[in-house]
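There are two complexes below, and they share subunit A, which is joined by subunit B in the first and by subunit C in the second.
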Partner chain A sequence: MSLDLWVAILAGTLALAAPLVLAGIGEGFVERAGRINLGIEGMMIMGALSGVWAGSIGGPLLGLAAGILVGLLLAIGMNLVVYRLHANEIVVGLGVTMLGLGLSTFLFQLWIPSGTTNVTVQTITGSGNGPLAGIPVIGPILFGQSPLVYLAAVLLVAAWAVMRFTRFGLAVQAVGTDPASAALRGVRVQKVGASALLLGGALAGLGGAVITVGTIGSFTPDITAGRGYIVLAVVIMGRSRPIGIALGALLFAFLQSFALLSQSTSVTLPSEVYQSLPYLVTLIVLVITSRSQMRRLFRATRAPEAENAQDARDAGAGTARTR
Partner chain B sequence: MRTLDRRRWVLTASVVLVVVAVAALLILVAGADPLVGIRGLVEGISSSPYRIGEVFVGAVPIGIVALTLIPALRAGVFSVGAEGQIVIGAIAATGAIFAVDQLFGGAAPGPVLWITGFVAGAVGGGVTALIPAFLAVRWRVNEILSTLLLNYLAAGFLGWTLRTWLATGEQTATPQSAHLPEAASLPLLVPGTRAHWGVLLVLVIGAALFVWRRSRSSARLTVFATRPKLALRLGATRTQVVYSTMLLSGVGAGVVGWIQVAGVNNRLLNSVSGGVGFSGIAVALLGSLTPIGIILAALFFSALTAGAVGMQSATGTVPASIAEVIKGVLLIGVACIAAYQRHPLAALAPAGAPTAADDGGGGAPPLEPAGEATAGTLVEAEHEGGRA
Partner chain C sequence: MTLSPQEMDRVVLARSISKNFGPVRALSEVSLTVRPGAVHALVGENGAGKSTLAKVLAGIERPSAGSMTLGGSAFAPRDRADAKNRGINMVPQQLSLVGELSLVENYLLAGRRRLANRRSARALLAATLERARVEVDLDAPTASLTQAHRQLGEIVVALAEGAHTLILDEPTASLGPLEVGGLFEHLRSLCALGTAVVLITHRLDEVRQVADDLTVLSHGQNVHHGSATGLEPAEIARLMVGELAAPPPRAARTPGEVVLEARGVVAGSLRDARLDGVDLTVRSGEVVGIAGVAGSGQNLLLDVLGGFVKPERGSVTLAGAPAGASAAGLLRAGMAWIPEERSEAVVPTMSLKENLGVYATAIGAAAVPAGAPSAEARLRAFDVRPAHPELVASGLSGGNQQKLLAARELGGDPAPRAVLAYGPTQGLDLRASQAIRERLVELAAQGAAVVVASHDLDEVLAVADRVVVMFGGRMIVDLPVGEAGTERIGRAMAGLAEPAPAAAGPATADPAAAGSAPADGPTPTQNQGDPE
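Moving on to the complex of A and B:
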């Protein structure tokens, strides 16, 4: 495999990772707040559709805004049902995903009846000719990307800062670790959880819009192809931390990019192996992280009582959360 | 209790209203007359015996998946791997049927091939389900995620299978296996339709689970979902619960794989699972984890899919994917209703607190319609445990 191919694969990795990172940041907040949003897939695909639709009317920026808005609306609905009506969030999440997949297909078929040409919108592309893009190898990988990739990177740092240094970030962590104690200390548990969920929805919608408006330029039913679930896996693998989420997203995106670009080369494996590889590696990493999580839990069992209880709670939520 | 009951009825009525309103709105958005749409829906379901048969044919896989998910969901084990288990079951069944047929020199009798397909499908689905069960028990890997990821791996394996070792020799537009031997296909229940003997299998499984629901092991699972430590005293360890419930759902899904191959398509297609796995979960919850409720809900889901196709052809503008939207709304609505089922924990737990915090229940949903009975069951179960 030539150097050019590797450059293309690595550049593609960053582009493919951007939507995962964006949605992952949001889900990171949701899981830090002790909740889980299984509706990401539905929110992403609705964001992808509305992104193209609004993009075809008012340009790509409007498309991104529409994606955020639709994700936010779905999250508001989900929040209402889960918090106000006390419905089970796993079931509601699956319902939102089902609804999103169905509604996006329905609206798309109304908008573009089968037999007519699909609408392609202008994408937000990288300038590709900045002063740094000329550097061999590193230039095209790091400096020739779409602005959306840099946006994802900036938001990643911002998410870290918010989680670490702001009242809201600390409140989210407090609510996720021990809602009862947080409530006693004056944190409004419901409000913080709702804010996290809305943030997660908005970013999932944005992630979906980035898939269509950022790279592909058009919508097809089931275009997200399970990326919402991958986001969930990435967040759990990354223990809801920005750096972990970024690494997980990059790993998945690298394998996806590798699968897309390396099929044409001399390596002759069945194409299905390449397509399955990202999912297989994600599963393996998930197992490894769960295993180390459990090991730590066992060590903590011998520690003082207080920690013990906290760890049991961590395991109880079934998600990888850190203290 | 009475106020809760009334609230539940109000909620149920509003969910039905919302679903109908959403359906009408979507038809209007598509620029069609809702009445024409509804007529198309009804005709799509019932205008000929063949179409009625199709509703049953569609309900069989959803029903079996949902029924065999009852124990898992009761115990709060959220497996969403039916999709992949159907695929592996179908591959195993197809491969085994061809192999056994070859063993008999191409003239194997029907019953032998049926049993072969059934067993191979069950083993294929069961083994696939044991992977996430093992991961969940051994390393506490979240079973929702592991089963979701395995679905993609199964789909990849199916794609490869249909290109290589099970590919048909003929030239076809889509990848598929060769035709199954005539004798392998399930006999028809009603001539003139595609309704096959699998319909009866649903009733058998439903009856078995109906009996099981009154058994001690069912009560144990209910206890496990909410109080794992109490369940331990009743002899239900996490290992045993996760393995047994996931194995059952996997076997069910694997058998569905065989039924779809031998009863409906007579060959292995890429679309063998076709969203049945996810519909199965929705139907199980819609039927509030009771066998009769699930069978009715499965018929309803299947009728909705068939009716939406009728609606599409009657109105000409409403896409058949309207069925998926309605199913999603319905699932969310059912989750709301389930929250008001007088479950002691659902009533007590503050909205922000995890309900199953004391062990790795994996976010056990307070779904079962136990109500007043739960308190009784808990006491009885403890009593029985004490005697044992």
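Moving on to the complex of A and C:
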């Protein structure tokens, strides 16, 4: 395979990773707050549809805003049903996903009946002609990207900063690990969880809109193709940390980009193999990281307990243990 | 109590506070004055209303009637945060530090600023630590701190939040004696800085140690309010529970055949000292007390006796159970077990009745045999409050959960053949403790072999016929209680007493060898004659 192809694959990786990173940042907050949003796929596809629709009316920026708004509305509904009316969050999440997949197809067909030409909107494309984009290899990969890719990177850093440097970030961690103590400390558990979920919904909607408005320019049913689930996998792989989410998203996006572009090379495999490759590898990585996480979790919960008990005893005894 | 003008502007006055929970009257017309710069002890039996009163002061519960003032102006906190803003903070019994976050982050968590400035928060906490002369790691996740440090950390965070009145709900319940001493020093130095401390406790000797003022609650009513100086623990106890019957004289019991026996047990665990060849024989009708500072191996020994830990070498036999029986096998053969952590034995999500019947369910006994006492009767027999069989166990206070556990283990029918109990009266008030101890002795009188371990030496001495002291995984003293003075046992617990015999293994626990230290009076002889 030629160098040009590799450049194209890597440039495609960043472009494909952007929606995953955006939705992943949001889901990272949700999961660190001890909740899970299985409706992410539905929120993304609704965001994708509304992005194209609003984009066709008022341009791509309005499309992105519409994506955010629709994701936010779905998350508000989910928060209401799950945390106010106490429905099961797994079932409701899956329901939101199914609703999103079905409703987006239905609305799309109302908007553009079959037989008519699909609407294409202007996409937010990379400038491509900055001075740095001229650098061979690195230029097109790093500096020729769509502004949305840079937006994803900026939000990644912002998410890290929010987690580390704001009270909200601390509250999210507290609520996720120890809601009882957090409540005793005066944190409003429900409110923090709801904020995280709304943030997750808004970013999932944005991620969906980025798929359509950012790169493709049009909507087709099932355009998200399971990316919502991939986001969940990426967040779990990355342990809800921004850097982990970024790495997970890049891995999946690379495989996807590789599968798309290497089909045109001399390596001839059935295209289905290429298409399933990203999911297969994600599955394997997920199993590997989960195992190491389980081990870490086990150590974290068991070992300190034992040590604490021991420490307390040592202190109480005032003597060093002989063994 | 007379108050100086300086004290007046921060004094917390509660007048005729009442609190009802449904039909239950938890507090009835209780008045209280908390002076700045003083430790105010709040004592009473389980369920006397101490925690409720504390929660009212801290804004967690609202009083049904009565009023409070703070420094002369009305004080009616809407919630805990409101009370906190006025400078009254409570350190609850169940600590409220988030385990994954450090103390600095826990402090920031409840702050008012949106941005978390770690550096300034750290500086503030460090300064507070220094003032209070405490050393706690500010940057480690609090889950990795010791219980005592978490307790101190919680206090330090409260102080840094600007508390001038601190309410501590049983801070010493899970601390060892040295840690308690350290905590009290810190409290005293805080008082010297003008902080008021309300200390809820069960341990009456602590009142004498540290308290300036004392409020005694009994059944939701204030039965004493005033200075703590000059009050002996016995007098306080009388105030709390009325006249307490003296423990019945120890009836002489002749030990019968061997019921429970451990031979040459070698076992290891992460949580406790490694057992290094322990022999223990418990006869029918005998109460053996195991003393030792925490971590000396007594916990592991009880686990081995109960069949929860398989010894690497040696054997445990219970009369009537097959050799090497599992914990379930021992249970069927009549072993009762009260662990140190009651959470290991009480299922919080099950009802009281289900908790009482949990073994029958596990074994598969279909129905309660006819004529067996009802769940309610069993609960009443152990004074579990409320004795409501359908109540979920997590709804009980800690002390009442302990009583529930005792009701299941000690109040079953048929009576247990052997009892293993670690700190069976922890968290219980005097009357309930005495009832449990009497029950243990009664079981022994009916022929059970009873083993009681505790860090509380008084508890061991109160029930045991024979006292065994463990140190570093070995049994270093085995004496009849008559010869086991507090001082002698105390020295042995510190590992000071008899020098360990040169040969390790079974000889370690040989009573003759262990008891024959030259410095320690006459050689005990009562166990030498026992056929092994």
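Note that the second predicted complex is superposed on the first by the 298 of 323 C-alpha atoms of A that agree within 3 Å, B and C clash if a C-alpha of one lies under 4 Å from a C-alpha of the other, contacts with A are read in each partner's own complex, and residues count from 1 in each chain.
Heads up, the rule we're going with is that contacts are C-beta pairs under 8 Å (C-beta built on N, C-alpha and C of every residue); 3 or more make two chains touch, one makes a residue touch a chain.
Bear in mind the structure is a predicted one, so any value in this text is a computation, not a measurement.
Participant: When the two structures are overlaid on chain A, which partner does A:T282 contact: first (subunit B), second (subunit C), both, or neither?
Facilitator: first
Participant: With both complexes overlaid on chain A, does A:F165 touch subunit B (first), subunit C (second), both or neither?
Facilitator: So A:F165 only meets subunit C here.
Participant: Once the shared chain is lined up, is A:V273 touching subunit B (first), subunit C (second), both, or neither of them?
Facilitator: Once the two structures are laid over each other on A, A:V273 reaches subunit B alone.
Participant: A:I45 contacts which: subunit B (first), subunit C (second), both, neither?
Facilitator: Once the two structures are laid over each other on A, A:I45 reaches no partner at all.
Participant: Tell me the contact category for A:L22 with respect to subunit B and subunit C: first, second, both or neither.
Facilitator: neither
Participant: Just checking: does A:G100 make contact with subunit B only, subunit C only, both, or neither of them? Give me first, second, both or neither.
Facilitator: A:G100 contacts subunit B only, not subunit C.
Participant: Have a look and say if subunit B or subunit C is in touch with more residues of subunit A.
Facilitator: Between subunit B and subunit C, the winner on subunit A residue contacts is B.
Participant: Let me test your reading of the model: by the given contact rule, A:V189 touches which partner, first (subunit B), second (subunit C), both or neither?
Facilitator: After superposition on chain A, A:V189 lies in contact with subunit B alone.
Participant: So which bits of subunit A does subunit B touch that subunit C touches too?
Facilitator: 180, 312-313, 315-319
Participant: Can you tell me which positions in subunit C touch subunit A when the two form their complex?
Facilitator: These residues of subunit C touch subunit A: 80-81, 84, 92, 94-101, 105-106, 108-111, 113-116, 118, 143-148, 174-179, 270-274, 293-296, 455, 472-473, 494-495.
Participant: If you look only at subunit A, which of its residues touch subunit C in the complex?
Facilitator: On the subunit A side, the touching residues are 164-171, 173-174, 177-178, 180-182, 184-187, 304, 306-319, 321-323.
Participant: Along subunit A, where are the residues that touch subunit B in the complex?
Facilitator: Residue list for subunit A touching subunit B: 34, 36, 38, 42, 81-83, 85-92, 94-103, 105-106, 109-110, 175, 179-180, 183, 189-190, 193, 221, 226, 229, 232-233, 236, 270, 272-273, 275-276, 279-280, 282-283, 286-287, 290-291, 293-294, 312-313, 315-319.
Participant: Mind listing the subunit B positions that touch subunit A in their complex?
Facilitator: Touch residues, subunit B against subunit A: 11, 26, 29-30, 78, 80, 135, 139-142, 144-146, 148-150, 152-153, 156-157, 159-160, 163-164, 278, 281-282, 285, 317, 319, 321-332, 334-336, 338-340, 346, 350-354, 356-363, 365-367.
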